[in-house]
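Note that the chains are named A, B, C and D in the order they appear, and that numbering of residues resets to 1 at the start of each chain.
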């Protein structure tokens, strides 16, 4: 019994990467369709219409690509890339959803922890891959501290988490907007040139940890073709950021494993029915706190991974830009306000990032109107709205 | 002697605790005003302008609060409705007061429709109205952008190229309302010592206040208050709860539509894509600064809140620059305060709910102790 | 005076079943104008269901309607909603207050029936924009309060009122309805002080004198005798007695209420066990519990090792509060000793660590993880408390869920308790009530406790499952030597299962009797301290 | 019966609102009127010389002081345009004051009025022409006031942007 469950959960990430490596593009399309077909039937039954529409929409985009003169392989490379940036952030939603804290609209808080890690790492003079390790190390205590405080707060306001999380996220973010200006940062790559103080809104990571994960064991089909002196055709454009994906697989595995331990089981129970958990002797508050700290830490790591892919640190109001897409992604993946799994994370991130990358190019080529921004807003907010207005069955 | 003092002190403490947020803001403003170094007449002028501009919008928040739907972002939808109306009116080149009146009338169907959608969705998410309205606001914003950015000019005819994007469809980032600018404010305006008082706008705000006071005394107002306090009891008494809640949201959006027109005519231009995005947040923050809570708000809260919040708003950058030598810090500080006050109010509200719950237990323990002592 | 050919209310052959479970059989009684009828019976005797039928509550229609006729003034009526009943002149004051906390008494009395004045706006937007006529409101609420005959401040906000005044506000609300002919009062005195109760009784007389008929439901039998014209006693869905109040006594009514066929209730002598010599395993002293609706005020109770102790009593008297308080689910105070060691209250974990277990009466709320599989439900507490069903990896650093062990134990209990399910992976919410209850028991059994609280184990489950559950409990007690405390509203069930039965009344233990004691004795204890 | 009455009243309200709206559309229609003090050459063989100086007053406000070959502008709400002209034909002449009413066509936004022709009392086609705006890109510059925006770029990024645009891929 235990094996069966294990297989299912473990399979998804590894299958994903395997497919990328081995399946030629022509077949990949059908494979993609297939992987979406099988959940499709389940979606009709349980996932609901919005998710179905989104999947359908993405499928249509895929089918359209050849006709509108858009290079499919480039698109797939983009999706893989964006998946590798965002997946860990989406994963950060899981613990809090599991423990019943709802959708983490307070993601900016976690991101701030990550930003503290990255800026301090640079400030302390770390460079190259080491700067990434340093950023992770520095971000961790902040995540534990801020996450702990955040958890304490959320424990006192059970029932109103989501709205308060939103505004706590905003408050912390705007507080740190001041801090970025006031803290005595001095590394010349980060501060404003003229005044030599105050961090710039965008800091390039060249020379630090730009692509440090993505570059690790990177598989660039173009390069391979060049080396071997053979032509791989369209496939040459495919690049796989193996390192980033491996890190996600590792973190997802750890999360999956955690949910199979005693404490993880307790966390799920707390989210499913806090009274039951209390009656079974679980310290509900402590479990929730743990989940918040985990979410915060994952969020902090998530933003660092995002940065290494993106190549820049974005400060000031940027943390907020990731909240809604991340929340929407996990919901699109099939999570609800109080249930989420690793497969939700993977499916959701692929679907959402698929739409994000495909819509601008495909729509633009097809109807010469770039409606991607608007579509993204409607899709993601509509998804969140759908999750919020759906009746939560069972215990509340 | 001593005994007499305690309740008085306690009362004062209670008063401070009950009005912690306004008092905090009074203190902040008192510290910041000298630092910012603005002249009193400038400050007064600014405050009065902003009162005329924002009060009407803030008052719109009172309806959903009355119906127990919390601090509702539904008003943002009304603002969007008004913006669509204003764009059309600007394109038709209806200027001045007639333009304002036409915008208001034209905004009614848009904001009522959006309000109806919003109310219906919120009825589906009872218990988390606030976050739902917040998300609805983003969701509808998507549709708004779809309409304004793609449909206007391509499907909805737009006559004047001057408000359209160069590509031939979609509305520019800013639509000039130069010919509508401050036409309400200038009507009957009085200048006292360099301070312009937009009398007519204030009359409108006054009418709105009167309407709210009158509305509380109507059957619908009474029903709304009943629904707001206890939905189940109201339902048992035969009040159509869902309908009442939808009406409250629709009233809020329609009035917000009017408020937005007033707001826009004061500014004199329409920031097409950002105009509404922060309105809800600003109004909510202002109302909370005035001492309102999630479940209770009055006209007085709205007035006090607008004054204090905007005073802080005006002086914060200057004060920030004074303290740190960087005006951006002040900018961020006022952002922080705006968000912080909302977060604080929400936290206090939820914490209070939980405190009320544990009170019963303490009473029992006390009764037990008394009994034991008696035995 | 009573020249009326047909009485105000006639109930004829009322029958009602909930999914085949007969709860009312052939109810007949009549009530004349200006009469006060006292309705009494144990919990579950069918009083509430009968009143729900009379008041047209939705539950009745949703569960398949009822049989028989209700006649008002000789006319057959059928109420589909409470509003129909209201229109026909029936008013009801429920046990739970139905008041808006921030409104004044006047506003509550006239809730949704406010007198209104037209204005210009309401002509356009409809009547809901009529302004309220505050003068008329004051007049009418004053009139209603006057009719009731108890002085309450009509300007006072409900949340500031003492409980009694809230109750009077509710009554005044019914009285303010002009068409009111019949008023149903469901345990109105439960929350009142002695003095207030007295005032209420006189106001009932007052109402009757004005021609309003009253159906008065209460557990305080002396009140019935004091105010009612006639008494109807119900038991097990039958009307067992319908007599003029003047011709009976508290003792008699009690006997009618609980008295059963002595044969059926007989406890076979062989089963009666005495544990007087056994050591006291659980000792409760001066326990108070803040459980809404089931407040425990001052309970002291000793439980002997190896026995099955029953705790009975009327609903709302606090019997449910005892296990919930001891197990830390509701705020509690006092002293609880288990096996000689004191157990800290308000800490479920410590209780569970001491090998206590609890099967809650609130299956769906507390007892189950509805969205999770049976395996999780059954294994969860044992896993968390006793580290069962875990594999230690890396030398115990990681406690891994042992799915196989969980599956095995679940399968074992599924077989043992005959839980009907598609598989052990089925979600708990998909099971029927009886099977859910069995899962709750299995959960507690899996903990292998020394001491088990079982709260309302048979509530809302069918007869077959009932027997199985009780049997399982007995077996668990006999085979494993586990001490069981079973809380139930059904005295009969307690008498069949338990060795001794404690009766809780008014938040205190009114007395402890052996299971073989007579029904009357239990009955007297039940109402002895009713508040 | 009662609801019928209500429907009637509500309809009436809607009608009134529509009526007001229609009314506003008529009386609120804004026009821009341009005045050219330019010699009109060869109209039916005649030449109408530009005046030395024309002062245009609209609604008691002096909107333009025009020398030869100059153009002035005024905005007007409604269709019955009224202006007062103070015309000085030749340098040193006494200014001649004339009040002129014009009917502005509803559908035209910008109207160019040739003053010499108008003053000479020529028919409409002589002095009237429609102003066709040259596409100007400077519209965005006229920002008379700002709202209560935080003075930060892009607001607070509440739009939920992902930072898609500028990503180097591949």
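General observations
What we mean here is this: contacts are C-beta pairs under 8 Å (C-beta built on N, C-alpha and C of every residue); 3 or more make two chains touch, one makes a residue touch a chain.
These figures come from a predicted structure and were not determined experimentally.
Comparing chain pairs B-D and B-C by the number of C-beta pairs in contact, the larger count belongs to B-D. Averaging Cα coordinates per chain and for the whole protein, the chain whose average falls nearest the overall one is B.
Averaged C-alpha coordinates put the centre of chain B at 35 Å from the centre of chain D. Centre-to-centre spacing of chain B and chain C amounts to 46 Å, using the average Cα coordinate of each chain.
Each chain gets a centre from the mean of its Cα atoms; for chain A and chain B, those two points are 34 Å apart. Averaging C-alpha coordinates per chain places the centre of chain A 54 Å away from that of chain D. Among the residues of chain A, those in touch with two or more other chains are 170, 324, 373, 377, 381. Under the contact definition stated at the top, the residues of chain B that touch 2 or more other chains are 138, 141, 332, 335. Each of the following residues of chain D touches two or more other chains: 152, 156, 158-160. On the chain C side of its complex with chain A, the touching residues are 327-329, 348-349, 351-353, 358, 360, 362, 364-372, 376, 380-381, 383-385, 387, 390, 398-404, 407, 429. The touching residues of chain C, when paired with chain B in their complex, are 82-83, 98-103, 107, 111-112, 114, 116, 122, 127-132, 134, 286, 288-290, 292, 295, 297-298, 331, 333-334. Residues 121, 124-125, 127-128, 130-132, 134-136, 138-139, 141-143, 145-146, 149-150, 324, 326, 328-329, 332-333, 335-336, 339-340, 342-343, 346-347, 349-351, 353-354 of chain B are the ones that touch chain A when the two sit in their complex.
In the complex of the two chains, the chain C residues touching chain D come out as 123-126. If you check the complex, the residues on chain A that touch chain B are 105, 153, 156-160, 162-164, 166-168, 170-171, 173-175, 177-178, 181-182, 198, 324, 369, 371, 373-374, 377-378, 381-382, 384-385, 388-389, 391.
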